[in-house]
Amino acid sequence: MKLNVKIYRYKPGTEPHYDTFPVEVPETANVLDALERAWADHDMSIMFRHACHHASCGSCGLLVNDQEKLPCVTPVTDYGEGATLKIDPMRNMPVITDLAVDASVVYQRMELIGMPIIRNAETIRPDKRTILPEGLETFGRFENCLECGLCLSACPVMATDPQFLGPMTLAAAERLLAEPRGADVDRVYRLVDDEHGVWRCHSSFECTEACPYEVDPGAAIMRLKRKIGMRKLKRFFGGS
Amino acid sequence: MVEKQLTRERASSWSWILQAFTGIMLVVLLGLHMVVQHFVVTGGLRNYQQVVQYISNPFLFLLEIAFLIMVTWHALLGVRAIILDLGLNPATERKVTAFLSIVGVVVVAYGIWLSATIVAQGA
Amino acid sequence: MSKKFHVIVIGAGSTGTATAHDLALRGLDVTVIERGEIASGTTGRNHCLLHSGGRYAVKDHEGAIECIEENMILRKIMHDVLELNDGLFVAVDESDLAFKETFLAGCEECHIPAREVPVKRALEIEPYLNPKILAAVQVPDGVFEPYRFCLSFLATAVKNGAQALPYHEVVAMKMSGNAVAGVRVRDYRTGQEREIDADLVVNAAGPWAEHIAAMASVDVPVQPTPGVMVTIAKRLNQMVINRLNKPADGDIVVPQRQTSIIGTTSWKVENADAIPIPQDHIDKMLHMGELMIPAVRQNPIRGVMAVARPLISKPGTDERDASRTFECFDHKYDGVENFVTISGGKTTTARAMAEKVSNIVCRKLGVEAECRTRDVVLESYRNYYDN
Amino acid sequence: MASDVQPKPVKRKPIEWFNLKGKRVGFWAYVGMRLSAIGLVLYLFLHLAVLSQLAVGPTAWDNFVALAKSPIFLLLDVILIIGILVHGLNGIRLSLIGFGIGVPSHKLMLWLAVILTIVFSILSALAIFSETH
């Protein structure tokens, strides 16, 4: 399958521009494979972040035709034979060079909430029971959130307010409140119940559209609003 | 950054709840505002005399004042939300809140004064 | 120590980052150079399997013992990037079943805690397993997240004073007579080149180690040997499911997050950059995976990846027989001083590889410092950026 | 990372929320909400200012009412009603999902709001323009 990739190029101190490269990839390829072909066949100075190529590390997030995508799991067939893919770095993060962004805000905000990456794995048995092998107390698995930052890139509030905690952060808080794993729940409530926390969200659901891994930050924020709202109202009307 | 987030003065989260509450109230009050203005006085508020007659009704007077308070609150809270979206520093944010609060009080006072003046002229 | 030695580590995969951590802990001044993102080479596109050693328990005792030791150490020092659900070796056919006793004996010899699980029980634990399996053996396999695995090591190294230079490629060795005196790097952020001096250079470039070594006119027998992995868009197993037999193509299904990853194949390439993925390898993975977990056919493919492992090539061996353990090359035996290559191995044994190469580095520099990486708990991967 | 080369900082223009590049339907609802909000706030202040004519006296007010019956003013009335419908209906939707009600069908509710806005806009336009004759 033949494609053109139109890649955003930027070196500090110079004007950004686009370079377009023709590439040929198999039908089974993802956008990241196309990008890697452009890098290997045309210009090895193209810098882009990538590691796992199977939606686990969350490092490769970028914009394809202005929409937030995780290119390692975005099939080239989504765009069709002969298409030109315009590739830009994520929004709302400083650009180091080309497509590589400084994503430090992602880990800093996740660390602020303190959600551990390991959670209890849901059962995969049809009867919803969990049967464990000898020696194990629980099945664990990595959280759905890849910490890719695509939701921070897509969020229109992040585009104007750097203090906004962001969809990913709020979704992590919601997960932590649902499964605290020993965390200080009051601290998490204090963090997110803030003008620049959950209440800054204007419900555009761009985060949900951008999320590559079923985190659905938009819905998580709504659950969080409800949780906090109910807690506030309860306290206001004399509950505890 | 982490510390800054944690130690920041707690801003009220009531704004969203109030925005939703006043919003829902407005749906009701705006409906009444429109309906009563068109139907309580036959043919709607067409001339000065009809307006005076309308606002001189104590129930409608209170209704209009309640509507004014709700709409002012909702509007200014909305303006505040748009401004806070710009990610200002906390000191500026407090100034914005103070300024908009004053605007709100002035608007409501003006509304009450205006209504009272009209009622007085009609009497 | 009168002088603080500066060591450059080329490559920020699992070996490079673990080596940087080890050397930084021993008080050396370390700079890690990586041409792209951390773990953007072999380690990143890893199978994510934290080996129990079971896979090598019959044919490669040395490798198996290394695995189980490192597995236990990583459980202690790396808290946040491991899914520890153990693994099962399952017998699908009669030949697998015949292998069982050999396997159990091998595990015992290598001190790998292995216990047979009744088939009925195994099917209760793993409902998607092929109901026709004939036997199942539980071993302490695990799953890691390769990118964060490297970031944990690097975060700790940076906390101990190391410097990380991603987006920098080594383009030449700086030589002083027959000794390496540093490297010439291209900073891809600016396109400019500069020299960085060092007392010693560690080549941890994985399948690209041969290319780096050639810059100092030495030869390293690394054979880039890619493998294809197919990720299924549903988590079909909680434990790692292995085929109870000799290592072969498609003998493992590793669960991770909400997916299951089938691996892997093995073939040789010349160039390790951007490896084309052969369709027949994808088909083979699905076919072999299906024998253990039939549901792999009923679920969509989330992604397909391939990357070259850096196997140490010995002339005349098949790629499955090439050593999976690692080797250190002190290039003074090739006539070049202050230059060491570490290659081969597995991510699971990255710490052991780092220990061995760091021992050589310290001996060469005359630094007396014990390896402490067995006990020092690593920083959270999230702290990589907080420096 | 070596700090001699600084990354390109994020430029946060105040109007960045209006960047429509690559945005999807939920974003349009947000932009619609905000634009109608700004319009309605302006209208509110205008309306209050105009009402001051009532304090001036009967003639001033009746003159204004005559002006308000011109077709251009009636068109502005229709635009006002569209703004109120957009803001009100979407506002109800946002309140519901904000309290966790109907979150999975937020898009469905949006389309419902759009349809109701169109229907009521047409009805009110017909009512307003027929009333004058």
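For clarity, chains are labelled A, B, C and D in written order, and residue numbers in each chain start from 1.
Following the convention adopted for this analysis, contacts are C-beta pairs under 8 Å (C-beta built on N, C-alpha and C of every residue); 3 or more make two chains touch, one makes a residue touch a chain.
This is a predicted model, so every value here is computed, not measured.
Of all chains present, the one whose mean CA position sits nearest the global mean of protein CA atoms is A.
Here the CA centre of subunit A is 26 Å from the CA centre of subunit C. Centre-to-centre separation of subunit A and subunit D, using mean CA positions: 32 Å. The distance from the centre of subunit A to the centre of subunit B, with each centre set as the mean of the Cα atoms, comes to 39 Å.
As a whole-number value, the distance joining the C-alpha centres of subunit B and subunit C reads 64 Å.
Residues of subunit C found to touch two or more other chains are 189-190. Among all residues of subunit D, those that touch two or more other chains are 5, 12, 14, 17, 34, 94, 98-99. Annotation for subunit B: residues touching 2 or more other chains are 16, 85-87. Chains touching one another, given as pairs, are A-B, A-C, A-D, B-D, C-D. Contact residues of subunit C toward subunit D in the complex are 163-166, 187, 189-190. Touching subunit C in their complex are the following residues of subunit D: 1-2, 5. Looking at the complex, you find that subunit A touches subunit C at residues 11-13, 26, 28-30, 33, 36-37, 39-41, 44-45, 47-59, 72-73, 96-97, 100, 103-104, 107-108, 110-111, 116-118, 121, 124-126, 131-136, 139-144, 213-214. Contacts from subunit C toward subunit A in the complex involve residues 36-40, 43-46, 48, 80-86, 88, 115, 117, 121, 124-125, 127-128, 138, 145-148, 167, 188-191, 229, 231, 235-239, 255-259, 261, 273-274, 276-277, 279, 282, 301-305, 307, 380-386.
Those residues of subunit B that touch subunit D in the shared complex are 16, 20, 23-24, 26-27, 30, 46-49, 51, 71-72, 75, 78-79, 82, 85-87, 107, 110-111, 114, 117-118, 121.
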